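Two complexes follow with subunit A in common, the first pairing it with subunit B and the second with subunit C.
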Partner chain A sequence: MSSTSTITGTRLGFSGDFRRRLTYVVTFVTSIPVSVYVAAFILGGFVLAALAPGVLRTHDPFRTDLFSTLQAPSLSHIFGTDQSGRDVFSRVVQGTAQSMAIGVGATTLSMSIALTLGIAAGLGGRMADSLISRFLEVMFAFPNLFLALLFVTIFDATTATLIVAVGVGTAPGYARMIRGQFLAVRRAGYVEAATALGHSWQRIVRQHIFPNAMRPLVVMITLGLGQSIVWASGLAFLGLGVAPPSPEWGALLDAGRDYVVNAWWLEVMPGFAIIVFALSVTVIGQHLQDRLEGRFHPV
Partner chain B sequence: MAIAPFGGIAFTVFRGRVLSAPASCSGATSSLVSRQPAVPRQRLMAGFILAGISLAVAPPASADPNRGGTIRYGHEQEPPCLYAGWVQAGYIQRQYADNLVARTHDGRIVPWIATEWTISDDRRTYTFKIKPNVKFTDGTALDANAIVADFNRWLSNDPDKANVNAKLYVGDYISAVTAPDPLTLRIDLRQPYEQLLTVLSTYFFGLLSPTALALGPQATCEKPIGSGPFYVEKWNHGQNVILKRNPNYNSAPATAKHQGPAYVDEIIWKFLKDNTVRYGSLLTDESDAIYDVPAVDWADANKRFTVIRDITGGTPTRLQLNTAFPPFDDVRVRQAFAHVSERRQAVDVAFRGAVPYNANGSMSISSPERVKELDASDPYDLTAANRLLDEAGWTGRTSDGIRTKDGKPLTVRLLYAGGSLISSDGVLVLQILQDQARAAGFNVVLKPIQQADWFAGKGRGPHDYEAQPAYWVAAGAEILKISWRPDHDGFVNANNASRFQPPALWKLIAAADSDFDDKERLKLYQDAQRLIVDNAAVVGLFPLTVSIASQPKLKDVWISGPVSEPVFYDAYFEK
Partner chain C sequence: MINPPLLAVDNLRVSFGRGNEVVKGVSFTVEAGRCLAIVGESGSGKSVTARSLVGLAGQGALVQADRLSFEGRDLTALPDREWRRVRGRHIGFVLQDALVSLDQLRPVGREIAEGLQLHGEARSRTERTEHVVRLLERVGVPEPTVKARQLPHELSGGQRQRALIAASLALDPKLLIADEPTTALDVTVQARILDLLAETQARGKALILISHNLAVVSRMADEVIVMRRGEVVECGAADQVFREPRHEYTRRLLNAVPSMHSRGTRLAPASAPRPSLPVQPAAPSYAENPLLQANGLVKRFRRPDGSLHTAVRGVSFSLNTGETLGIVGESGSGKSTVARMVMALETPDEGEVLLNGAPWTALPERQRRKWRRGISIVYQDPLSSFDPRWTVERVIEDSLPKDEAHRRARVTELLELVSLSNAFRIRRPLELSGGQRQRVAIARAIASRPKVIVCDEPVSALDVSIQAQILDLLGDLKHQFGISYLFISHDLGVIHHLSDRVLVMSQGEAVESGDVDDILLRPQCRYTQDLVAAVPRLRFALAA
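For the complex of A and B:
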């Protein structure tokens, strides 16, 4: 950002200005690692699959074909077929929306809970910090998966339940990170300087603490997306996922586990989708982290 | 010796054991996806029945079996209690408890704890002679007095004492159980009950020590004390049950191959719910035997291991259609639902030859009273299904093709206990039906329920479902009483999920249960089946089929009647 302000602040002729801007754009574009482009491209594919699955899928994902069961990947079924002859590729594509909804929903929920608790603990004073920290420690006493399992067991296993289960299960970890971030920023030199200059507390929070403390959250959100999908898939694999014939990725893994020796594609293909999606958001997230923390200088 | 072919895999049925024949894996696979089944349906059915019946008598024991060793057995389901209730408990109970009588697969009642018995001319008094010198493993004598104590407990009005299932079967009939002397037991009935000996042979009536029973239901569940060839050493919840050999065992049934103590020292009854893990434990020699060979491994198991199989009687897994409320309060909609899917093909594909199709939802194909012509009932007929639905007024359509009537979509909420009462292969059958039913305009919504919730009745109220798949194991037609008894005097028959209870049906069943004449009784039972199937109160899918795969070194494991319990009493390891 500082480079941009330097360029715009310089008086140059049109051609020189254009050349400099072009050079900046080219340098910026070429300096971004190829892996980020690949990740963005793949993520774009997943978004397309979620928003318009009909564009990508090759068969009806719910149509059984009892004469084409357990066929290995081929040109007619690039991911093979499942136990009832359904096209696995089309089911993976169709399941993208549900899986991403769980990822986005659970991450949003967990971040909302974590922000509320983390900010209250970080900025609310010693008493609030103590109470919330003890509460988080109690939550940590239970394995995250246990909390999620408990939730899904009590309520019916639906997409909404999975979102809440994963969101609640992962929130304590994020809350502790946010609390730590706010505490660290609150004690930073520039906050002390602002205090010494007589700025109001609201202004300090708004202008200094909040922006600096929130910056790493962008990265956490991207990482959380992939993690939530993996979590939901894990619950589905344990038989606590959404009901069949849902092609949610975890449900696909669960449905295929009896066939892992005889029909590897039933596990590998949905697993591959989960891994690629999680890797893509992670790569983009790490790149954003580098940029926001100043470790990445395109120009 | 006979050849029992099914699904392209040929099995040599040799005195109760289904051994693998030289059938290639690829051959088996191709037949599963073939549009023209290689084996006529009648022969398939005959093969299955033969396989079941042939297990009636255990094969002869080796002259000098090896003694000692531990059988590591991988079972699928862990019951909530080790006594009575669910058949999964019955399988364990068969190892540690004895019954008054035993039943062979061909329906003969043979001695067990009772060495002989007489029935009065009016069929209301049964007098049993009890085997002498039998003791429970806690030292309590197993005599007529102990059996009287068991009956009094089973039929008690105290829910902490009563054996609910035992009471369901005989509670209405038994007026008194007495012990004229320690080796004579007398059962008096209010009215004749011709199924009495059959039900006494089931695990619901496994004899337990009255001394141990007095410790309360929790102790009975956790560590029941019987008089069987093994005793429960410890139940490690979530892992296994350790069963130790009873060194004083002297009360084997007439169906057993030897008398005296069991050959092996111990059974580790492991709970391996995951199909891949369970079968994998056999492949890696971490188990000596496993229950329920996964469908996908069926052909492989028959090549590598000794595989035995038995089709359990009673009711098969069938869809119970809720006749109390729309849309299934209209018989035409029920009949349409029965016609709408290729159930036989769905079962064949899902189970890959391991489990047969059972069209007659009222009776298992292995039950001797089944109506043979109902084996082909309600075939796939989309035209008929559409016609019936049109006649029933379901003529509207939503944008995605679901039929409507008065603005309401034709939705069927199908509740099931997935991975529990319905295996993963069974769930696949439901998914196929779900897809096929859509062609006629049904919107089938699959709603899985956790095992604990299922048994607790959570979410299974009369308004919570339109269909429920379930089975109830039994030897045969005695199950009709359990399934179809109408509600009365505050009694609500929770086992009748169809809520189908016309007086004519109960009249047939009640008359059959008390009828002396074998032919007339059979006719009444079969008329009842026809009434149930004609009204499409249930839609048959597949029977509970017990298969045991064991390492070749483990000999003489067999499957008992009447409800297909694995028996390790005669088993031994080859020297």
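For the complex of A and C:
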């Protein structure tokens, strides 16, 4: 993240000589918890799978093999095979790109909507706040999934519709959190202190309110990434996901549903991928959060 | 045969994890009807010592002692269950903060009754209720039957503390341990709570009092233990410890207490020589207009139920160049609201504040902004007044005037002025101690070279030795730069130490004002008399 590198930058600026710089880098590197490295490694694997699935997959994810259907995980098929004899591991790898696209896309969309509404409500004065808050309450009256369902039912289920459906469905919750953040930071002691120093409102908003209100956003985004993949999987599980031959993770879950009694790996393995992905993103997000809040310091 | 002491503790050690010993071998005995006080600053291990006596040392604490006996019975050998019975029944514990310690969602009476129920006392419900009402009555809670049914937040701070004492007395214990029982309370309320504890003691109970307040301790204690960093630095009879402290640290603690006697003296031992910077001598205060003038300030707030509450009713005062005006009052007296109006952070409903004889609060914010550098503020809680992301350097730099050249050098100079080394520039607020934070807050306040600094309880959250350093620093800056202070505090000792004139506030009104010695030594108004009388004083004058 850019903010982390700025911290590093200022700190390095103070220590002139090379040796101190080196010591700093070493303490910095060793001070990061192992869990973060593990999470980063796993996430790297997912990114690799998304960008170049060919490197990781062991079989052709679309080739059926009727002689080896529904095989339990083994050395030749580490995640087992499905009802058509396709290698589950390779399918999970192949589906990563699509699932991540949905996660990133939906999170980006929902954060954009949420930021616009939340900031307008949090900084725009009483009138804007009550208008937007009422609107959000109306949105909350619908169950979250309902909005997404509605959307997917009206339009065809493609990756794009899924992104919009999940993005719009999760936006109101984030919008409300962001609004609360801005309202809370507005009342913070340092905002008052800056007022007392004679700084202009624009400057206070730019220097204090914005950066502080946005801090939880890093975690919100990372949690949102995992969550929107889970959402998309949920829609797919209901049969509203991307069309069947595609190995999107949710679609894999949906397809494996009928065989869950005698082929657990069809559900467990894609589910495992979703959980591990969400978990590693969260671990990294949490670490960034601690760092940004000044709770964690390498030196 | 000599009776064994009520409680005997020998070489008590408490540690959290390996190598992290917070109490390093404390020994003492307590006799029935006597009061033992443990004093020390934060981190001295005084609270942990007291808490470990009732098994509340906290999670992961390893408590060891060579001897721990109660009425001659060895407690270290007792199985856990027995031990719990002893301390529940015979040792009462009064916790520090009543608002936190009482269950928010349970009527106060039920909380007190719980102890009775657990120890099989007063079996029927009506019997218990009666008992609770009797206890509340005894500790001086008004309308005990009504209060017993109310929730903690419906009681005042003093009443809550009384309720806690009632709870700890419920089982008629022989020993009462009170951990900072009056810390969050106003002086008049504190005086009544101390009376209550003294009365309990007079009825034959032993008392262990934990406090950072030396005056409170000198009023109550028969024996004193002074702790520092987990070790006992001095112990003995109270009058001996206070009159002729043997240890350097005790002497320093006692010297650090601000009072009328300490006026014009330094409270902390001089540390490194202060940098001599160009002195801007204070202009003599014969100017026609006072520097700051408040005329008939009124401020009303709307309560949650829609009714109006008048926080400040017609307060007027003036502050001359180079002068310190102390505003003293108890919580809810409106003194902080006055500070906020003076800073133009709150607009008065009536009246106005003039700065240098010109309109100040009456100006629109846009016009006021450029004058704001002439007046700055130091808060009680500096931490919340710093952006948590910012380094010390950025905090101070941010308050420099736009046209200030050599900004880095100026930051260094300001840090030096508040006796912080250059290494602090890259620290963040959370990485500073309370005293360091307040120093940074002061550096920020003087950065714009203001004429007036409003200090809103700037030392109330600090330990006495740190408080002494900060008060010395404020005094030095005043002499060096001719700054005027509007100094707000609930602590009459601090006010007396620092102020030239004083304004006493009660329930939003200025009840008395004038020269500090006149007001605090010869108060005319009834309220001020009560306030002055309630202040605990060091009972023993320190031998020179």
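Side notes on the structure shown:
As a working rule, the second predicted complex is superposed on the first by the 277 of 299 C-alpha atoms of A that agree within 3 Å, B and C clash if a C-alpha of one lies under 4 Å from a C-alpha of the other, contacts with A are read in each partner's own complex, and residues count from 1 in each chain.
The definition used in the following text is that contacts are C-beta pairs under 8 Å (C-beta built on N, C-alpha and C of every residue); 3 or more make two chains touch, one makes a residue touch a chain.
None of these values were measured; they are calculated from a predicted model.
Residue contacts after overlaying the shared chain place A:259 against subunit B, while subunit C stays out of touching range. In the superposition on chain A, A:189 contacts subunit C only, with no contact to subunit B. Of the two partner chains placed by the overlay, only subunit B lies in contact with A:67; subunit C stays clear of it.
In the superposition on chain A, A:83 makes contact with subunit B only, while subunit C stays out of contact range.
When the two complexes are overlaid on their common chain A, residue A:245 makes contact with subunit B while staying clear of subunit C. After overlaying the two complexes on the shared chain, residue contacts for A:126 are found with neither subunit B nor subunit C. When both complexes are overlaid on chain A, the residue A:212 reaches subunit C alone and has no touch with subunit B. Interface residues of subunit C facing subunit A in the complex, by the touch rule stated above, are 343, 345, 368-373, 376-377, 379, 381, 384-389, 391, 398-399, 425-426, 428-431, 444, 448.
The residues of subunit A lying in touch with subunit B in their complex are 62-64, 66-69, 83-85, 153, 156-157, 239, 243-245, 255, 257-263. Touching subunit C in their complex are the following residues of subunit A: 10-11, 14, 188-190, 192-200, 207-208, 211-212, 215, 292-295, 297.
Residues 32-33, 35, 274-276, 280, 294-297, 342, 345-346, 349-350, 418-419, 424-425, 427-428, 430-432, 434-436, 445-448, 450, 459 of subunit B are the ones touching subunit A in the complex.
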